[in-house]
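Shared between the two complexes below is chain A, which pairs with chain B and chain C, respectively.
For the complex of A and B:
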């Protein structure tokens, strides 16, 4: 018996040694979850100023984005999360979080400095839940030196793009690259589908088996199948960027967010002056690359310190910080940040031009906007891969797309999001 | 008996053929850890390059990996110790009294997907104010370590002749006394095996720490992701971090390797 008593004692002592927390004194404290994102880094550097100004203690954690989503989902689902403010991806998790009531309504926030489409994505029944932080849009990165050597000019429409890809596809350099890895490709092929007049969803009904959308998918498959780097069907941005940086890719279409890394001499082998950035060539029907609010910031509906949380949100999404971020090549959602003279003088003109074009003509979604977006992306990705593998010539592409469209519609129905407005 | 010439030539070739595909990713990781970002992405791959320590500098100076290393150590050692305290007597009891159902129950706990535990744990731990504490992490990691200890040790205890403890009891020892002073010392190889395996499982666990830890108690597997940010991967940093994480586990395994093989086969043959 003595042994058991001793054993219990050991357990008890060691647990009380490890236990922390419990009752702490009442200083205003908030818990903030940030993404591993350049804007998150900027906030982390600036938070001590906020703490000194307001006396609110900010406990920050930063996580890689998929971990962030999983952590937020787990915590919110239990109903006892202690998160107050967090970074969020409106297109990826926004709908699910809104539907579950996890975001706090932002009635008193001033949204006048933001483009409407970016704010609308975070709205439900007229109430806004997400402050847009960062935008990105599709651009075309290209090798100026290769274009010059081949004597061709920067393509402005899809025919010229195909001709350029063909002409530059030689000497171990792939003519054209864009994401080919199933689900990952969905965001980048979106602009191609739009430019052919197609859409993923129309009034919450999947329509990517329409003739226009199919034409876009075939075109994308033809370009990547014929002129893409080897193994492109398993490549996402993290595989394509190194290929471009190693000088083995002539044209690369992807999101604007990669610009800084493509020209950073510590990361790339090609000199910065040989890298051009241009808008995506226009298609036969439209000229609307995607432009999306990729990151936003929200408050938790369960926040117990909502006043302090609101104060933090206002500060973290302020115009001053937005301008500071723009100077670090982070493309912010605030309109006024783009008009700042100092910023315009520092930023790459290619980014400013393509942003202006996309803001005017672009389409505010790069993926089907629905709760089951992950599954939908897998389904659409299968169609894209089929198209690339057959260089856009597959005879069963139409039936495959029809089947996947049906499957996405089933997902929409299962979540009660099918049809309507 | 002399080995035939053919065998002596063929055997090393076959061994090499098997080893190379297994070791190649590991060597690649090791090389990349000492490369700059430009060298990592260069094509064709560079096998001769001027090594840099900048990635390791980032790992230990900018990212505070020593703290994460300490956290992983505390959690791993804590979870394994408590698992031994609970698991050894349990395994002994299972082995001696043939409590097969009980051992299956313990295994079922291990077979259930970890994520199904996370929600209830999160609720309980956050109500108790135990979030971001070692207690929560150690308790959760016991779930990983305990079934390993119980399963390896119960089959091991079955191989220890019952006569040993019976003769101790004839001399006046209680069953508990016989267990502590006779059985445990006889079972060291098995204990080392279960300690090594359960520690490695705890060391590598990602999911539990992801939800139950915060900044202060973040463990190593989570910290690797610090080098992956939105639209940017610092491959050199990831590789250096992976080297830093694997090294203690590899050293531990090398030291205890002979026990592990012995412990596993002892149980397997007789149990």
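For the complex of A and C:
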């Protein structure tokens, strides 16, 4: 009797296991890698809705941006990847990933709502691989109260910017801040180089040792060396933002994406009405701050659930979510999101104005667009640090820049990207 | 029956087999694979598959000034930190090697830095070190002393990092030496006292020679670790400012995960591997001489 009871129990348990297994088999699962970025946070909040709507289970992992690149690259390179959809940085890893065939082609995606330059960066041989998500451009955050107290108006050119930085650099407050940490500074100094008439690459040849580019690097070094916060050569945005939020920085030039955090009352000690956003002052030659598609979304070429992955991609890059993001001061790539009346009423007018200016005049790269961009940024960073450490006066800056330009050209040659095409 | 006898005959091979497989899969294979990659050209940014390239990765690395600087820094960091740890650790051990009230709680407190996570330690020290809003510069300013850039200044970054290593690992040397001191026989001390030796003489003529093998063991353990230090440096400076705190391990990390140049990264790691191996063998030989 006992044995029969046990048998029945075992059968019952195994049936229930089978039943569960069957149900799990029916439910589709995808693995999604997101960045620790405001838009990634928004997606994480909204994913339960997507799951409830479609019945697709989404396994999310969030990573800091450089860790995300590392994880994707190692997984793809070793052929062990189970990633289906992921956030990607078109300018940082786009070339590397398209070259190795790691992105899935997006033939059926409707790109009509996106600006062409943003889509073109994710294209190879006419095929698009990346849906642009977020655009960023360079802006100048400044303290309205300090400007008012010193009787200075908002600078509109580089001479005025230097004068303002000098005048506001007092009482334990640094006059001017921008990224000084080698590789991290490359994206932010780009607009300064452009405004002096220089470039990183021209027709896939490194040219940042040109007199124009050098002038930009010297100017940046002079400002940061003289009026920057202490230890600026080891500061990226994550170090500069707390200094600005603590009220110890008068002017800070960085990407537009940080506006929401700069005025978030839970993180900052300065009242939101004292924070201004203005366009980067124009330089002697140009007025073209960078405006880039900083984040995009792609599918893995090795995805085993490409239907579910496509469904997720369509949802995660939808117009509805873009509008939701815009309401949180995340600047999206979709054109229509900028035209939405509700959004325009809610957004900071400074952001809308600077975006319009950058979209019209800006340059669509903030770093050398090449596969070995990681190493190239370190090489350019050496020149930037030398300039900051010497307050822009270094006598060997030109020879150092020439040497590093040569090194970047060697990288381009080694990867078969030098010149032409 | 036949089966069981097969097992019985081969028990001595079968029982260690799981451990052997474990060692081969997780230790021998990765080292050999790294060695293999170091003789290849494998750069993910080029989109080309791995090709055999002989010694070219080594040649490129050896002609790279950053590599030579990193070798220098690795030694500077290791020697500086481990020497300070040895001297401080020995001093603490000698002080603790007598009976006094509160000795056990003190030993417990000494253990705390050892169990702290290096990354967390790095973050906390970074807050102390911050030149604008940090604690240390505030203390310096209270005493009217000049402020330091700590980890943000290329001249002070390595000593600042060494200080963190010393804070965390001195207790380990102290505890090892303390265990060694507790194991010393009391006879030489008694005869020395009878002969009228001073405490200073006793320390330098008896304690130190007898404890040297233990100190050297502690130094080997620490130095091997310090040569490979990665966590504290990566968490605190990432090798910066510029390259000024870039040690071999950090450099290898950058070459592999930021530059995706796996051939050259592996050759750096093979170099580091032999460096640690040679160093350990050297100190072990030295230790044998003291044991004689």
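What we mean here is this: the second predicted complex is superposed on the first by the 395 of 421 C-alpha atoms of A that agree within 3 Å, B and C clash if a C-alpha of one lies under 4 Å from a C-alpha of the other, contacts with A are read in each partner's own complex, and residues count from 1 in each chain.
Going forward, a contact is a pair of C-beta atoms (placed from the backbone, for glycine too) under 8 Å apart; a residue touches a chain by one contact, two chains touch by 3 or more.
Keep in mind it's a predicted model, so treat the numbers as computed, not measured.
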{"item": "Most chain A residues touched (candidates chain B, chain C)", "value": "B"}
{"item": "First (chain B), second (chain C), both or neither touched by A:215", "value": "neither"}
{"item": "First (chain B), second (chain C), both or neither touched by A:82", "value": "first"}
{"item": "Partner chain in contact with A:248 - chain B first, chain C second, else both or neither", "value": "both"}
{"item": "Which of chain B and chain C A:74 touches, first, second, both or neither", "value": "both"}
{"item": "Which of chain B and chain C A:230 touches, first, second, both or neither", "value": "second"}
{"item": "Which of chain B and chain C A:324 touches, first, second, both or neither", "value": "neither"}
{"item": "Chain B versus chain C as contact partner of A:59, first or second or both or neither", "value": "first"}
{"item": "Contacts of A:36 with chain B and chain C, given as first, second, both or neither", "value": "first"}
{"item": "On chain A, the residue positions that both chain B and chain C contact, one per complex", "value": "70, 74, 77, 242-243, 246, 248"}
{"item": "Touching residues on chain A, where the partner in the complex is chain C", "value": "66, 70, 73-74, 77, 96, 99-100, 181-182, 229-235, 242-243, 246, 248, 371-372, 374-375, 378, 381-382, 385, 411, 414-416"}
{"item": "Chain C residues touching chain A - in the complex, by the definition given at the top", "value": "43-47, 130-133, 147, 149-154, 237, 240-243, 254, 257-261"}
{"item": "Touch list for chain B against partner chain A, complex", "value": "36-38, 40-43, 78, 82, 85, 118-119, 122-123, 126-127, 129-135, 138, 176, 180, 210-211, 214-215, 222, 225-226, 228-233"}
{"item": "Touch list for chain A against partner chain B, complex", "value": "3, 7, 10-11, 14-15, 18-22, 35-38, 40-41, 59-65, 67, 70-71, 74-75, 77-82, 237-238, 242-243, 245-246, 248, 255, 257-258, 261, 266-269, 294-295"}
